[in-house]
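Dumping the structure here so I can ask a few things about it.
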Amino acid sequence: MHFDFSDKTQEYIDRVQAFMDKHVYPAIPVYEEQHAKDRWGVMPILEELKAKAKAEGLWNLFLPPNAEHDTEEYRGAGLSNAEYAPLSEIMGRVSFGSEVFNCSAPDTGNMEVLHRYGSDAQKEEWLRPLMAGDIRSAFLMTEPLVASSDATNIETSIVRDGDEYVINGRKWWSSGVGDPRCKVAIVMGKTDPDAERHKQQSQILVPMDAPGLKIVRMLPVFGYDDSPHGHAEVVLENVRVPASNLILGEGRGFEIAQGRLGPGRIHHCMRTIGAAEVALEKMAKRLLTRQAFGKNVADHSIWEQRLGEARVEIEMCRLLTLKAAYMMDTVGNKVAKNEIAMIKVAAPRMALKIIDDAIQAHGGGGVTSDFGLAESYAKIRTLRLADGPDEVHLRSIARNEFRKYRDAEYPTHKPESGIQWD
Amino acid sequence: MHFDFSDKTQEYIDRVQAFMDKHVYPAIPVYEEQHAKDRWGVMPILEELKAKAKAEGLWNLFLPPNAEHDTEEYRGAGLSNAEYAPLSEIMGRVSFGSEVFNCSAPDTGNMEVLHRYGSDAQKEEWLRPLMAGDIRSAFLMTEPLVASSDATNIETSIVRDGDEYVINGRKWWSSGVGDPRCKVAIVMGKTDPDAERHKQQSQILVPMDAPGLKIVRMLPVFGYDDSPHGHAEVVLENVRVPASNLILGEGRGFEIAQGRLGPGRIHHCMRTIGAAEVALEKMAKRLLTRQAFGKNVADHSIWEQRLGEARVEIEMCRLLTLKAAYMMDTVGNKVAKNEIAMIKVAAPRMALKIIDDAIQAHGGGGVTSDFGLAESYAKIRTLRLADGPDEVHLRSIARNEFRKYRDAEYPTHKPESGIQWD
Amino acid sequence: MHFDFSDKTQEYIDRVQAFMDKHVYPAIPVYEEQHAKDRWGVMPILEELKAKAKAEGLWNLFLPPNAEHDTEEYRGAGLSNAEYAPLSEIMGRVSFGSEVFNCSAPDTGNMEVLHRYGSDAQKEEWLRPLMAGDIRSAFLMTEPLVASSDATNIETSIVRDGDEYVINGRKWWSSGVGDPRCKVAIVMGKTDPDAERHKQQSQILVPMDAPGLKIVRMLPVFGYDDSPHGHAEVVLENVRVPASNLILGEGRGFEIAQGRLGPGRIHHCMRTIGAAEVALEKMAKRLLTRQAFGKNVADHSIWEQRLGEARVEIEMCRLLTLKAAYMMDTVGNKVAKNEIAMIKVAAPRMALKIIDDAIQAHGGGGVTSDFGLAESYAKIRTLRLADGPDEVHLRSIARNEFRKYRDAEYPTHKPESGIQWD
Amino acid sequence: MHFDFSDKTQEYIDRVQAFMDKHVYPAIPVYEEQHAKDRWGVMPILEELKAKAKAEGLWNLFLPPNAEHDTEEYRGAGLSNAEYAPLSEIMGRVSFGSEVFNCSAPDTGNMEVLHRYGSDAQKEEWLRPLMAGDIRSAFLMTEPLVASSDATNIETSIVRDGDEYVINGRKWWSSGVGDPRCKVAIVMGKTDPDAERHKQQSQILVPMDAPGLKIVRMLPVFGYDDSPHGHAEVVLENVRVPASNLILGEGRGFEIAQGRLGPGRIHHCMRTIGAAEVALEKMAKRLLTRQAFGKNVADHSIWEQRLGEARVEIEMCRLLTLKAAYMMDTVGNKVAKNEIAMIKVAAPRMALKIIDDAIQAHGGGGVTSDFGLAESYAKIRTLRLADGPDEVHLRSIARNEFRKYRDAEYPTHKPESGIQWD
């Protein structure tokens, strides 16, 4: 067990950090200006940044080498999950940071799915432009009418009809749908509601312009629209796609979903840690530059306690996330499942506490948009729900503990351990 | 000590509740429709509701009887703070509920100030239309450049120049300024920065259309604009008003501010309790109507614990708030200061926890606007900062404790209390 | 609703407080000395204090007037639960305080049971000496082998055999059994395990010297023996008592238990609040008399926050406890059940947090016996378990909430509430 | 960065675990029996276990290789801090586990001090028998009269008088003094109260039988005596020792203390993690073997949440502790200072929460001694105070954060970031 980054990782950290410093941070005001002019449009500055990152080989960093599926045409930067994780944290400090390096959700997950399970034709049509950063994509899983953390609840139907599949259903939290570059969605639905629990679901590719696919609305998140990305409610009404759009085969949707979630959670957690670091930095700076009751607010010990706690929590979360990434690389996503569940719970909670403290340190400025804290809070608050609420993950971790002792015997009490008396 | 409402209070509770049930709740969709059409306009439905409430004598309920200041023309409904408090909770369940009864902030505080300290001319010009519900008003206190919880930090200047005062400064969190009916602001500033700490400040009436008063922007709260009310950043640049607009006299601004805060905090806390009750109700309903992992979510005991805790916390907070109101009525705002500080800290915290749990219970729906929870969270989060952050109030409560024992002697240790040994 | 004590209550508060100041506090070192000499003996100083309190009419204050059951011979001081509650807090500041006024558990509960349900002979034999303070008693309910919070789990058997009942079982947490003055126990067991759930249990009087009743050991509580009171594990092996020792009748044990618990919980909670006040006072004094890093520890703002929080929590808990007492007096123990469950959860938790902070403020002195804090923590920690763990009470409170909305309809989502888009 | 143990570490883990399983766990009842007979004596079983561990080369595992100070005679097992850390966790699961391997506090710290700073004569006299496990030792630092977390407060005087030093002072929390094998103490005091802050203190060796050294009492921790170890209050009255007993030189006491604390904290934290694992295991087993309200308590989801949280917190703490150990090995105790402070705060807090939950899961059994949980809680509660309270460590971590931004500029607000309005 050792706790230094490898030379390779450190080199990538330095390169990504340098790129952020040189190109991304200076571009923030430009981005904000372009965004203010056209919230739901394409930001030219972002395309410029992407071109630069691609040119420097800082591109598709998220996609781990995969002997079985890598080909000349479809191949990431060759970093393992553990090598990519610290980069994800650095990108996560800026809202559009990950996209600059073609590493943003849900494209990352969709690319992984296509890379692993896509047919050649599917790859050619969708994976190629995704890896090139030419288009973006969506993942339509969650449904408003049922508790979707229990996958057997899903109601969207995918019915074979000749050479086509016909899709009907209602989805929401379809993230990224607001972006004009979003051209395709992977849709989760049931091809056979009567099959056994985890063989009912399938995943299928649906072009965003398919007739019958209708964006009902964009969901506000604590009042934010998260444009141009956006989180949509989408209705699919007799949407027809070629049968060849089905991924991997009927009844394999659950299996695909399982494989998908691990890396994405690592990315989200590392970005969340980045956001927590930003909040901690802002909190410290604000406290150092305000006076109240005759002294610097930083000198009030209540804030020392909060900053101290924040640092402790960040360090612990980061280590656990890195360990989960390491396990995915070494023992596989399946064995790492427990650790992935742990960070899924731990990271957002940690960040929310720190951001909330930072808000408090900023006074009225904290809840408004001047410092980005409220927006960060809102964004991370969704992570306690996305991909299954905390409660479901804690339940799964607990069951793992209980499993160790299922048949254990245990004493009810120990009369011999009392106080000598009388 | 007894814990039943008086007949008078109960009668008002019943009347306000009946009015809410009959008129206000059915009006919510109308309000939302009108609001969707013109966010920053006057909502006709609200004016209709106000007329009805006024006709039924449910009007200006917040203004306690005040022998010294009540006159034929300026007089509230005759309810004490303790009698009004439970009504405030009922109104607080609906976002525009208080305004229906002409009981919404910051008008309530401004009316109280004018009622108590205004000259006859000031009353005629501003108190009369405020009490009639014809106009609305603002209170300009907090400044972005300094920690305003320490009143000596305030930088806005109010300088006498002949028959006028000239005002220069920058304010924010000027709530209600977005409303087209908002016609006047009470502005806090310094007339004499060299006077002793609490004699430097004055309060002055400034018409919203005074030349030099400029609304710089509306502040988002999280991502909400709180329209048509709104929270503004306002610049005052050589704003000139007649000298007669000064309230009470130079150097009395701090004194006026102190008197103002007590009742407003009771109202805010009771409305907050109302919001917490709404969240608890929604949480219960949601849990009862969702299934996961083979049973009703309400039957998972983690939710039993959270609902149980929520009920306990609400009950405790309500009692303390009612006690603070009672003390204001019986021993005065000054003696009740400690209790008011307590509820100022306790109520928002309690509500935020419950609303956050309710969000969690709603899954993805919780963070969006479908159930009003995220908006409620954002609104109440500001209360941990408005009128002084939690830390300042806890400090003042603690100092009250320390004061009891200032010269106490206390042993360092007690050698005689050890274990018999040797 | 009002928040001042009645004249009668205030007079009793003053009298009890004066008695504590004049007699009880000065007696503490004497008590400690006598206790050090004979941990499990009778402390002569306590008997002296009892005689004084009785002479002053400060005796059996806990027993509310009860038109149905009061007689010339068996009658308490005539205080309602609400009137007694604040006295209980004052007594609770000293470990043996309640006993001085013949108000200590479990005698209070046992006296109430006998007062309400005892036969004339049972009263003559046991209630008379208990009310006179001549003997003490125990209540044998909890069992080590089963989760006793679920009363149907109880395994002790009470079997009729001619004119006698034969009792077999194992009990623990039989509090007070260590006291040489403890002469009788009320034992809960099952007379008919096949009856419906709440008709299986009965309660029966068992003299402590009954053959077959064996004290197995005294249970340490975080290392404390709580002598001379003590918490015992007791085995009952073919213990025979006259059939007339059964209270109220077969199958009525659960009913008796229900009636018993309310007042006892009020007493425990108010004593707990007293203990919290003591901890807060000690914390303040310690912080005021220690220096670190160039200033008084009391001036470090982290401690201001903790003291402030402590005061808020104490005030809220006290009000809820007083309300629960008030409801018991006005609407009866059954209707007040929900409020009683709330304080049962809220008070110990509040006190533990404050005591723990006080321990922290005392440094190493806090965990030892020099300041009584660790002992107080240990004692109150048991209250989160005694008479049912927190979880069971929160569950019952939650179910009360859910019940309100059992058949409610609730929307799954609201498509019309999204962001205007496209 | 990788997260597997090295082969060497894993081999030691396996050996220590095997030794625990084969020898230590089976010896627990023997130990308890011997302890019950003679609380403050030498337990023969422990000496047997020590002999076995020594014979197997599992001895002095805690002492890292140190090129500068290792000699043929004085040398540990050759494990780095990172290699030893996981062993410490395994030992920490049993109260006397560390001592079996001659790895228990405060001997470890004392041996390190002597190893690094002791003269040849000091080593010969005290280090040799300590490393052989023939004697034990104490460290006398904390004083009851002052806040000892601020080392400049220390009042014990060490005054040169000819060839001797004369020591006067009062110490407490002198751990291990109760053990009959405890033969020597290292005493911290001031040789020059007028020197600069961190040059006033010195450390000196004092035989426990030196005339004038008097054990005043043993301190109970909560109600436990921690025999035969014990925590003493000690008075030193004109205690005279040869001048050659001074360690390293006058004025170097603070420097020695700084070097001492790092490894000890790692050990304590890892043992604490061991204790947390034990509590988690017991909690799971208890919940699996109790029924309430018609189902296994383990199936109530509130407990799933608590177990899940426990596992997450343990994993995070362990990683941070291992990282701190790793840093001590690679960059030195001084650079690792911040990480050491973090685990000092994080580990006890984490364990206390888990143990408290485990207590709750055990019902009444939890607070008594039947399951060892209350004792574990008491012991670990002291760690939030020993070697400086949490507040002091969090302060130091926070100052490290603030230092990064001392001269940072930071905006007060951003008027351009508002809502488009009007």
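Each chain gets a letter, A, B, C and D, in the order it is written, and its residues are counted from 1.
In this text, a contact is a pair of C-beta atoms (placed from the backbone, for glycine too) under 8 Å apart; a residue touches a chain by one contact, two chains touch by 3 or more.
Chains and their UniProt names: A, B, C, D = Acyl-CoA dehydrogenase.
Source: prediction; values computed, not measured.
Visitor: Farthest from chain C by Cα centre, which chain is it? Let me know.
Guide: Taking each chain's C-alpha mean as its centre, the farthest from chain C is A.
Visitor: Using the stated contact rule, I'd like to know whether B-D or A-D comes out ahead in C-beta pair count.
Guide: The greater number of contacts lies at A-D.
Visitor: Provide the C-alpha centroid distance between chain B and chain D, rounded to the nearest whole angstrom.
Guide: Distance between chain centres, rounded to whole Å: 50 Å.
Visitor: Quick one: chain A and chain D, Cα centre-to-centre, how many Å?
Guide: Spacing between the chain centres: roughly 40 Å.
Visitor: Hey, what residues on chain B touch two or more of the other chains?
Guide: Those would be 144, 172, 219-220, 225, 300-305, 365, 368-369, 391, 412-413, 417-418.
Visitor: Hey, which residues of chain A end up touching chain B in the complex?
Guide: Residue list for chain A touching chain B: 142, 144, 146-150, 153, 172-173, 219-225, 231, 290-293, 297, 300, 302, 359-360, 363-369, 374-375, 377-378, 381-382, 384-386, 389-391.
Visitor: Which chain B residues qualify as touching chain D in the complex?
Guide: Chain B residues touching chain D: 40, 144-145, 172, 178, 215-220, 225, 230, 233, 300-305, 412-413, 415-419, 421-422.
Visitor: For a test of understanding, state which residues of chain D touch chain A in their complex under the given definition.
Guide: 1-6, 9, 82, 280-282, 284-289, 298, 301, 303-312, 315-317, 319-320, 322-323, 326-327, 330, 339, 342, 345-346, 365, 368-371, 391, 393-402, 404-406, 408-414, 417-418
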